[in-house]
Amino acid sequence: MGGSVFGSYFRISTFGESHGGAVGVVLDGVPPGLELSEEEVQIQLDRRKGGQSEASTPRAEPDQVHFMSGVFEGKATGTPILMILYNKDARPQAYDAIKDLFRPGHADHTYLSKYGIRDHRGSGRASGRETAARVAAGAVARKLLEARGVRIFAYSKRIAGIQCPDIDPASFDPAVIERNPLRASDGETAKLMMSEIEKAKADKDSVGGIVECRISGVPAGLGEPVFDKLDALLAHAMLSIGAVKGIEFGTGFGAADLRGSEHNDGMDKKGFLSNHAGGIIGGISNGQEIVFRLVVKPTSSIEKPQKTVGVDGKEHTIVTEGRHDVCILPRIVPVVEAMACLVLEDQLKAAAALKA
Amino acid sequence: MGGSVFGSYFRISTFGESHGGAVGVVLDGVPPGLELSEEEVQIQLDRRKGGQSEASTPRAEPDQVHFMSGVFEGKATGTPILMILYNKDARPQAYDAIKDLFRPGHADHTYLSKYGIRDHRGSGRASGRETAARVAAGAVARKLLEARGVRIFAYSKRIAGIQCPDIDPASFDPAVIERNPLRASDGETAKLMMSEIEKAKADKDSVGGIVECRISGVPAGLGEPVFDKLDALLAHAMLSIGAVKGIEFGTGFGAADLRGSEHNDGMDKKGFLSNHAGGIIGGISNGQEIVFRLVVKPTSSIEKPQKTVGVDGKEHTIVTEGRHDVCILPRIVPVVEAMACLVLEDQLKAAAALKA
Amino acid sequence: MGGSVFGSYFRISTFGESHGGAVGVVLDGVPPGLELSEEEVQIQLDRRKGGQSEASTPRAEPDQVHFMSGVFEGKATGTPILMILYNKDARPQAYDAIKDLFRPGHADHTYLSKYGIRDHRGSGRASGRETAARVAAGAVARKLLEARGVRIFAYSKRIAGIQCPDIDPASFDPAVIERNPLRASDGETAKLMMSEIEKAKADKDSVGGIVECRISGVPAGLGEPVFDKLDALLAHAMLSIGAVKGIEFGTGFGAADLRGSEHNDGMDKKGFLSNHAGGIIGGISNGQEIVFRLVVKPTSSIEKPQKTVGVDGKEHTIVTEGRHDVCILPRIVPVVEAMACLVLEDQLKAAAALKA
Amino acid sequence: MGGSVFGSYFRISTFGESHGGAVGVVLDGVPPGLELSEEEVQIQLDRRKGGQSEASTPRAEPDQVHFMSGVFEGKATGTPILMILYNKDARPQAYDAIKDLFRPGHADHTYLSKYGIRDHRGSGRASGRETAARVAAGAVARKLLEARGVRIFAYSKRIAGIQCPDIDPASFDPAVIERNPLRASDGETAKLMMSEIEKAKADKDSVGGIVECRISGVPAGLGEPVFDKLDALLAHAMLSIGAVKGIEFGTGFGAADLRGSEHNDGMDKKGFLSNHAGGIIGGISNGQEIVFRLVVKPTSSIEKPQKTVGVDGKEHTIVTEGRHDVCILPRIVPVVEAMACLVLEDQLKAAAALKA
């Protein structure tokens, strides 16, 4: 209800607007006794921050997390953990000029349709800023998962029509991703991508792309058919991220043209012979690497003039000034990872409850 | 919890295995006073039945629905409605030969990993047979939606590499869909598709494809950001259907290569100038047609010999005999529609609760 | 939502009206591999049946349970279990004469207010008949609890003003309860109670009383503060039973007049020195016996003429004929136990999920 | 899950320990457009504060509420509202001496059993301080209810064995309650009560009592049978308050000795002829005044020496110094009202969703 709660067993309740007092999250389900520090959550939050390259917004939010409950002497107590990030670099007045116009691609029109009222300051709740809460919560889930041997990483696979070569999961070093400002899986390709981003920026325009996520070390058996299949939960999680417009698992849309004999993943004594399924069969993890891809639409905020209407019903030309990301992919990568962690940790708990 | 419940306000709780006593569903949230007959639910169930063409299984389940509660003198009373479909044409012994082998592409291995026990008869709960319960419940949601002017239809857009021409939603007549056995949006293309299906059948193989779904008449304002966005809920619903491996909204994966100025849907006085977003912006319906596409993998059950292993850990060659669909798309179409109806009806109630 | 679902981890979804096709329940969360037979569920259902003494209704429902899903070769598979009980001795026409009158003490008026429509046949969903579904589900939870050493029993402590002597939990033999038709904790007192019941019956009237429930072997640590405290969940469960109008734990209302030094349960090395708290402190089980009492109102259906109004708004005198219980306590006892089992099993799973 | 979330449609997620950084609540479901100020929430919080009389703790928390999200220009936006109260007068070191002892009547032992770790500072999450979050959220629900004509008030009916005369709801002026420091329904009786409290204080002891709550103006039709009956939800809500050990509706435990003809509330043209049911029949409000009573145990913290054990397993004598309430009833009254408001507002939304 309300839409700001996610998860059933490891559950988060988020709040906050882009230019309000704070964004944050209440976590329920963190195992008591877990050592937890603001510093380790901060590491993930810093990855999501803006201002890291030409591609990103210059808004300089420190995004500093504060634990206000649920952690005592460095350990989780099993009670709700409030993590709060006070907004520091809000400039609400920057939006005054366009507060009565519907920015194309933005949720201005739909929020007003739904709620009849709208916090126009930097998109309010519809701002990507709410994902900071997801990343903070995801950092806790990630810590729990990594302790079990689960490894999660996502990266920009394609930006502005430029695509990285396919990786070989057996040999790929995820450290590559953090070494380029676009979080691409290939440093050389990242340079070409950046060049396209700069062109778009010069044109007062924006670009989109494709993010790929890979998760290894997941035990077979996660997911709750028939509705809460692991892929269904991941799809729910990913499509809840603002700019994401589609998801595919394993071979994905490519499966449309395959025959069963080509797509089925056979087995021998050593395990599966292929991974067309992307690590999930019948909605349950099969122990293989989980692989999925997301399409990220080009950033809606552009400085190029666009046609729109206002709340007055009249036609206007709008120029979305302010501080925006020409390409949001590098900042979406940690959000994708965070959401994947939340789903997986939730389902690990679900599996424990099933057998209890 | 458990994964067989879907929806928050208009909620279904399903049950049943392919070769057990029955499949069915308990519905909560049907408005009291609604006129409701088994006959009108049966219409949708009949669309999902097998045996309608060369593409489908010859299993001849009557799929007759019985209301056991919640309906009195032809009207819903506001209490839970049990709809039950007794299994009549179960042939559990047909699966005896392969009960200890993991069929490639099937959930045999993952169910055993998860539950430690498995009803092997026709995949048990993992069978597509459970979708009959979804279609029965969806028929009720559809009735409520249609009374509000919502129109929902899905169709096979691509099968075995053969694609229908794009439709013009303004002029397209959905009656076309039911006039060909593949539920394609174009009758001539359906013939070419069927020819490919027959080839695959002759090769003891199977084929996949792409289903497209269109929903018009949805009021602006549905969806509950930030997690229960309308597209996130639809993605959850669709990826919960067995053979579906991906979903995209509006321009979908094509958006990866567009610029913001191309993808943003501008507005003038008469409304939106395009629909790249697929009718959902910021996770909320904008009043335009909702459009999404699903990739359906080729049917896992094929009679072609495949490599696999057994519960004994030894390697085997398996031939999946039995009664299967060479191409599941025409039977998935009503399931897609049903799930879309369940999501929309749920969100209409959510919107009413918000403003109450 | 809807109100027919109970539990979060071990969850039931019930359905059914008194004179409809069936009553029953879908169970989610039964651990896969659990051996389960219709016979063992039937044992509990038979305890709830009518017709066992002068105190009970002569309606002769066999209440035979059928498993329709989720159990394979005598074991739970981890998928939803449908248990259905077909109504066999329904006599809906018996209610024709009073279908437009609001029976005092009954939910006729409130159901019509809420739903605008009402299945008048034997109270429809408001009938005590729906508790058969609770007892069936509770039998499964009870089996799981007993395997862990939990022992649950309830009994009639007071009926029609006649009260059983307090029991000594250390020496009390629960077999006493089933040896008298009123399920009183003392056989001699039961005879006095029955005498009062017969007087009430002769007067075409009904009687109420107090049920006490005791649960031992519960590990310390169950309950989820601050809202889902174990006593809060039990109160929710018990007040959801039709005729129950109040609950108290341990010393209960007697605590109002005690001082802290009298009510606090001190400890020594061997454990607690008293049990004023009734086994729950701070909403969490403390390992002591859980003790609570319920007040059960006198049966609403009486043959004595009463003043009421009809749906026509006019005043009427009503005589509630039909098949009723003069005293419902002996039949409520197994329902109380079933609900307690459902709460405890749910919370055992919650505890497992917390630490996962 | 986790136990800190309450409500389904109007939902709160609370957090915070007695001596941590803050206590507070995230509200989901507040209707967009509602005018809302910190000041009007503060009014209810001020009623719950300590230090108002000899009966209460001298801890001087300002309990000042801050809205951090979900309210824009004085109006709710329909997004989650974070209300936070920073702890200002925490003295955690006051608990150092007894941090390894289990205080009788307190949740020290049970929290440690459940979580394996415990924030001992002033009971941590088990402190009554968490109820500030409930009162803050309840103030919003109350505003919504009062706008619909619902009137809610609770009062101390009995303290330390001294009982107020029964009130006549038709003529009673609730302003009486706030005019005496014990929130009793009768000012003269309050003086006698206070005298008993002072005696207990002199004896380093504490006292309990009975709170009664009355709610008028509730429309007929609230409550969701069969499990989420209105009385079941209220019982859940009330038993979740720390010191409450029992609840009864209407005639309550007195119904045990009545006959059906005495307890049934007959009707004539003008409505019900009595209110033994306490305004709820079949789990649904009937439009009459809702009446229930709660037993509040004597405060567990007393300065009188008590026997207990420590985490070391050894026996100790404990004296609970610190800042405590000799009688908690006057401070529980606003908590009871708040919880009642949360349940009713939730069910008003449930009713709207049902008919949507």
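Letters A, B, C and D mark the chains in the order given here, with residues in each chain numbered from 1 onward.
Please note the rule applied: contacts are C-beta pairs under 8 Å (C-beta built on N, C-alpha and C of every residue); 3 or more make two chains touch, one makes a residue touch a chain.
These numbers come from a predicted model, not from an experiment.
By the document's definition of touch, common neighbours of chain C and chain D comprise A, B.
Comparing the centres of all chains, each the average of its CA atoms, the largest separation from chain A belongs to C. A separation of 47 Å divides the Cα centre of chain B from that of chain D. Between the Cα centres of chain B and chain C there is a gap of 40 Å. Shown for chain B are the residues in touch with two or more other chains, namely 1-5, 8-9, 14, 29, 32, 78, 114-115, 125, 225, 350-351, 353-354. Those residues of chain A that touch chain C in the shared complex are 9, 29, 31-32, 78, 225, 348-356. Across the complex, chain A is touched by residues 1-5, 8-9, 11, 13-17, 20-24, 26, 28-29, 32-33, 66-70, 72, 75-82, 84, 114-119, 121, 124-125 of chain D. On the side of chain C, the complex with chain D involves touching residues 1-6, 8, 14, 102, 104-107, 109-111, 113-115, 125-126, 130, 158, 160-161, 200, 203, 205-210, 219-229, 231-240, 242, 245-269, 273, 276-278, 281-287, 295-302, 304, 306-309, 313-315, 350-351, 353-354.
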